[in-house]
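Some structures to go through are shown next.
Okay, so chain A shows up in both of these, paired with chain B first and chain C after.
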Partner chain A sequence: MKYEDRIVTAFTGCSVLWAVLGMLAGVYVAAELVWPTIDFGLPGLSFGRLRTLHTTLVLFGFGVSGLIATAFYSVQRTSHVRLFAPGLAWFVFYAWQLTIVLGGVSVMAGWNAGKEYAELEWPFDLAIAVAWVSFGVVFFGTIARRRMEAIYISNWFYGALIIVVAMLHIVNSLAVPATIGKSYSLFAGSQDAIVQWWYGHNAVGFLLTGGFLGMLYYFLPKQAEQPIWSYRLSIVAFWAFVYTYIWAGPHHLHYHSIPEWVQSLGMVMSLILLAPSWATMVNGIMTVSAAAKKLRSDPALKFIVLSLAFYGLATFEGPMLAIKSVNVFSHFTEWTIGHVHSGALGWNALITFGTFYFLVPRLAGTQLYSARMANIHFWLALAGVLLYVLAMWGAGVSQGVLWLSLDELGEVRFSFNDVMAAMKPYYLLRFIGGLLFLAGAVLMAFNLMRTFAGRRTVEIAPPAVPAARGLK
Partner chain B sequence: MNFLSLHKRLERHSGLLIFGILVVSSIGGLVQVLPIVLDDAHGAPSAGLAVYSPLELEGRDIYIRESCSTCHTQQVRPLLAEVKRYGPYSRTGEFAYDRPFLWGSKRTGPDLARVGGKYSDAWHHLHLLDPRAVVPASIMPAYPWLAQRDADHGRSIAARMRALQMLGHPYTNEDIAAAPVQLEGMTELDAVTAYLQSLGRSMHAEPQP
Partner chain C sequence: MPVKFSIFSLATVLFRPKAVFDALAVNEPSAAKVFFGFALWIGVLPPLFAYIGTMNFGWRLGVEPVFLPQHMVLAISAAYFAALLLGFLSSAVIARWMAITYDASQSLGRCFALMAIVGAPLAVGSVIHLYPHAFINVLVLVPTLIWSMYLLYRGLPVVLQTGPNRGMLMASALIAYLLVAAVSLLGVTVALWGSGLGPLIGY
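And now, the complex of A and B:
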């Protein structure tokens, strides 16, 4: 019996492709904010549609493909069995990639459900639901047939990703279809807003945080060749995370027309969330500190450790932005964009890159094509994300302060247009930062392709360990 | 049985683990989201709120198609500077017919919750076709195709209104039957303009406290 790794390769390849295309779309919309006429009057290149394409490709193309690839890889190895129902797993692959391709085209053609990070229309929502539940069947099926007694911690996080995202997606997508490409949300107005940010915030929570923590808990110890520093801490952090995150959504709606108690509850729970978030960071840093020597020479580990630093930064910044008196300045500004990207680029993309540098040589049964190229990628990515985030902090704090500034006579001091015009240098810096980050991703795609081109046939079997007590 | 040995049962039974995650992750939603969704008071229209006319609805759906809410919010917060800049702060009852809500999360351009009646139709036409003709520093995209396309060129306005009627919007069957005729001869530009002019209308209709 061998591990089913071809599907891991397939998802990894698609993830890299979507990373490059999704970030290209991102860089292009960033350029449109500096040079607004470069859409050339074409609807498909128009800012609104292209930005939706950007978030769809990076979240569901790059992010989710990477999560499924690593979940399928690690669940087999932590369970010592071949993937359950490989045929169904391949169905998940084709259904998911087809949804991204056709969904991307539909967004450019103007199909849009109008909910942030859930813009795909109802036929795609159905396809996503079916593919996602199938993903869950393959994943939990593998766990149910495991030859290990305990379920390893990375699988709890992947499991929480599957269960909670299914719940969020299904509820938030409830709608009445009017035509094949248009539906109306079951919820309206304020109620819709509360449901949407319950979804939106926890897509961040369970996909971009929880899912990638699953990746961290498997690949960090593997790459550092160290066991997790504290198993007990990981248990406490996991349950605190699953319980607390769900409450934090309303901090996206501070001072909006929703009840005050919902806002305050969202704020308090967001502050509490700092504890489980940082507990996991401490666990990761302590694990890697035992392998500090390896950090100098190993590009994959460097990416993972840097991602941990950005994880710590973003999960500290998040609760701070959720405080109402801070949020009053940060809300609606570029600061939000900076915060999202310090998480999405600094944490999600970097840990995925590091994991791919670890994974692809193993899948190909060979060495990484160029460690030097991976090191250049590391510095491009670091420079890119720093430039991006610093530009957005500058822009966001300026907007927050200037918009709310009143003069001695109690009138607004700055016109909206003046503040908007002052954003141009920041937008240019952000574009350059994004371009650097994209250049690094292209370099990685080339490096991984060359690595895979030199592959040898590898099939890895589960280790022969004595059957554990109490085997299911 | 201490905490860790209790937990050993969870991590050895995948069914229990699934159940545990489902229960623990549901509590927040059940306490914080569900009561609002089930409370009709949070879905009730304010006194002055009218349902969108067919032309306004068409405009709103184009607004969604072009993802205008990526850059324009529709939510005036109850802050002095914001009320000064945009107008009366937003109330829950104004959004009862908004499916989905379009409050947005980012103000690259100004808030639009009170933009209705602030500019003429001609200004909106010019601005949508060539934003920099009216606001030189604007970074908004131009939407030249709006002028070239007929409103409701997909002939779906009746189907869309029926879906909304099903969701409780007060459209009569006569309203729906008359809708396609009302959109004849109109362009998408007219529709978007009509929608923008409707924003904040209910606040004008209501006596201010």
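And now, the complex of A and C:
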């Protein structure tokens, strides 16, 4: 019985495709902020719809497809068994990709549930729930049939991703359908806001952080050919992370009409969160520090090293922005957008790129088509993300101080329009940063396609080890 | 050639960094000399430029300039200087702490010298603070920052006597710290504005 790797290839291919299309949509909306008329008066190209398309494609197309690919790849190898219910796994693949395609079209057509990062309307919410639970059945079914006693740490993170995202998605999407393309949330007013950000921030927590930590914990030791620096620390950090993250959502609602104590609780839990986040960063950096020799020959490792630096930045900046006296300046400004992208581009995208540069040659049974191209991609990505983040820091801090500035009479000093117009040069810089990042992703797509075109796939069987004690 | 690490060698540090790296690889400088002879002086430049620029032109954030009273600008410049010194000292100490992991030289003098070289282009680039237009400052300081990072990656393996691969890893780990230090500076700044040290704001 061989490992089921064709499904991994399929998810990886789609993830790369969605990365390019999703980032293209992002660059286009960035350009719209500089040249507002390039929507040509078409509703489908308007900022509101394209921005939703961008987040949907990069989060659920690129991010989740990459997570499912790597979860399916690693769970088989850490359990020493073939994937449970491969037929169901293929159902997950088709259901997920179809949801992204049709969901993307629906967003451009103007369907929108009005919840950030959960904009898809109720028919898609149902499809996502079914596909996601099926993903869980395949994953946990494989774990249940494992032939080694310990459940490796990456599987704990992937497992938490599956369970918590199912819970968040189902609760936050509860709604009363009115027509096929319109529904009304079951929650109202402040409750709706609290549920939305309980969902929103834990999607960041368990998907963009937890899920990708699963990826890190499997692929980093593999690439570095080193065991995790401290396995014990990874377990402690896991439980601290799971316990703490779930409370942090209300920091998105500072100074809003929710109870003061809920805001303060969200802030305190966000600050505590720094400890498990950095424990993981230290664990990663120390693991890779023992693998210096490989750095020259392996472009993939560079991406992972850099992704850890941005992970450190994003997980420090997040708690800092959650402090109310900082948040009063940063809320609603471009600083928040910069923060999200230092995490999404610097951490999520870079670690996924690094993982794909490792994974695709193995799936194809051949060498990477061009290590030089991967190196160029590395510098394009670094320059892109730095330009993006620095532009948004400049824009955000300027916006914060301008919005709050008073004149001698105690009136607001600058009009919203004036402040908006002052942001234009930063938006141009951000557009250039995004374009560089997109160019890198296109280069990667080409490199991986050429790698796969020269494939000499060898199917691999799980090692013939006796089942561990207590396991069938 | 032994390096005379003083403010008078600023031009050598800026234009012939490789020669300085090579010299540092064989000669261990004293931390006190690097700090009092060089770092302290280049550290004065950004707050000084910022003070002169703000008093003359006000903060230009894309709309009409925001002028601040002199005592406020003085206090902000002093806080800026303190933050830069703290940033410099903590980066050098952290580099020394990381050196254990990356099998690099744990000489405090070398770590001080490395951080001073990395900071030098930024300190000189801060001449743009003389005209405190936020976007123009971003535009000038971004390439300067890239040059500084290049110096860090290039100089670290030589000055701290570790291999190029370990040097690359250690430089990346240091970048993580420097990014965090940069964003902390932003956070502390806006928190200080909120507590009254800064422009007239209300919330």
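FYI, the second predicted complex is superposed on the first by the 469 of 472 C-alpha atoms of A that agree within 3 Å, B and C clash if a C-alpha of one lies under 4 Å from a C-alpha of the other, contacts with A are read in each partner's own complex, and residues count from 1 in each chain.
Just so we're on the same page, a residue touches a chain if its C-beta (ideal position, glycine included) is under 8 Å from a C-beta of that chain, and two chains touch if they have at least 3 such contacts.
Note that the structure is predicted; figures quoted are calculated from it, not measured.
J.: In this superposition, which partner touches a larger number of chain A residues, chain B or chain C?
T.: B
J.: By the touch definition at the top of the document, which applies to A:Ala178: first (chain B), second (chain C), both, or neither?
T.: After superposition on chain A, A:Ala178 lies in contact with chain B alone.
J.: Touching A:Phe47 in the superposition: chain B (first), chain C (second), both, neither?
T.: In the superposed model, A:Phe47 contacts chain B only, not chain C.
J.: Give one of first, second, both or neither to describe whether A:Val328 is in contact with chain B, with chain C, with both, or with none.
T.: both
J.: Name the contact category of A:Leu404: first (chain B only), second (chain C only), both, or neither.
T.: In the superposition, A:Leu404 touches chain B and chain C alike.
J.: Considering only the touch criterion stated at the top, classify A:Gln367 as touching first (chain B), second (chain C), both, or neither.
T.: After superposing on A, A:Gln367 lies clear of both chain B and chain C.
J.: Identify the partner contact of A:Met320: answer first if only chain B is touched, second if only chain C is, both if each is, neither if none is.
T.: A:Met320 sits against chain C, while chain B stays out of touch.
J.: Could you look at A:Asn375 and tell me whether it touches chain B, chain C, both or neither (first, second, both, neither)?
T.: Neither partner.
J.: Between chain B and chain C, whom does A:Ala292 touch in the aligned arrangement: first, second, both, or neither?
T.: Second partner only.
J.: Please write out, lowest number first, the residues of chain A touched by both chain B and chain C across the two complexes.
T.: 328, 404-406, 410, 421
J.: Could you please specify the touching residues of chain A with respect to chain C in the complex?
T.: Its residues touching chain C are 281, 285-286, 288-289, 292-293, 295-296, 302, 305-306, 308-310, 312-313, 316-317, 320-321, 323, 325-326, 328-330, 335, 383, 386-387, 390-391, 393-394, 397-398, 400-402, 404-407, 410, 414, 418-419, 421-423, 425-426, 429.
J.: Flag every residue of chain B that touches chain A in the complex, lowest number first.
T.: That would be residues 4, 7-8, 11-14, 17-18, 21-22, 24-29, 31-33, 36-37, 42-43, 61, 64-71, 73, 75, 77-82, 84-85, 89-92, 94-110, 131-132, 135, 137-145, 154, 156, 159-160, 162-164, 166-167 of chain B.
J.: Considering only the defined contacts, which chain C positions touch chain A in the complex?
T.: Residues 59, 61-64, 66, 101-102, 134-135, 137-139, 142, 145-146, 163-166, 168-169, 172-173, 175-177, 179-180, 183-184, 186-187, 189-191, 193-195, 198-203 of chain C touch chain A in their complex.
J.: Would you tell me which residues of chain A are touching chain B in their complex?
T.: The contact residues of chain A facing chain B are 32-34, 36-37, 39, 41, 43, 46-49, 51-52, 110-116, 119, 140, 143-144, 149-151, 156, 159-160, 163-164, 167, 176-179, 182-196, 198, 206, 232, 235, 239, 242-247, 249-250, 252-253, 255-259, 262, 265-266, 269, 328, 331-333, 336-337, 399, 403-406, 410-412, 416-417, 420-421, 470, 472.
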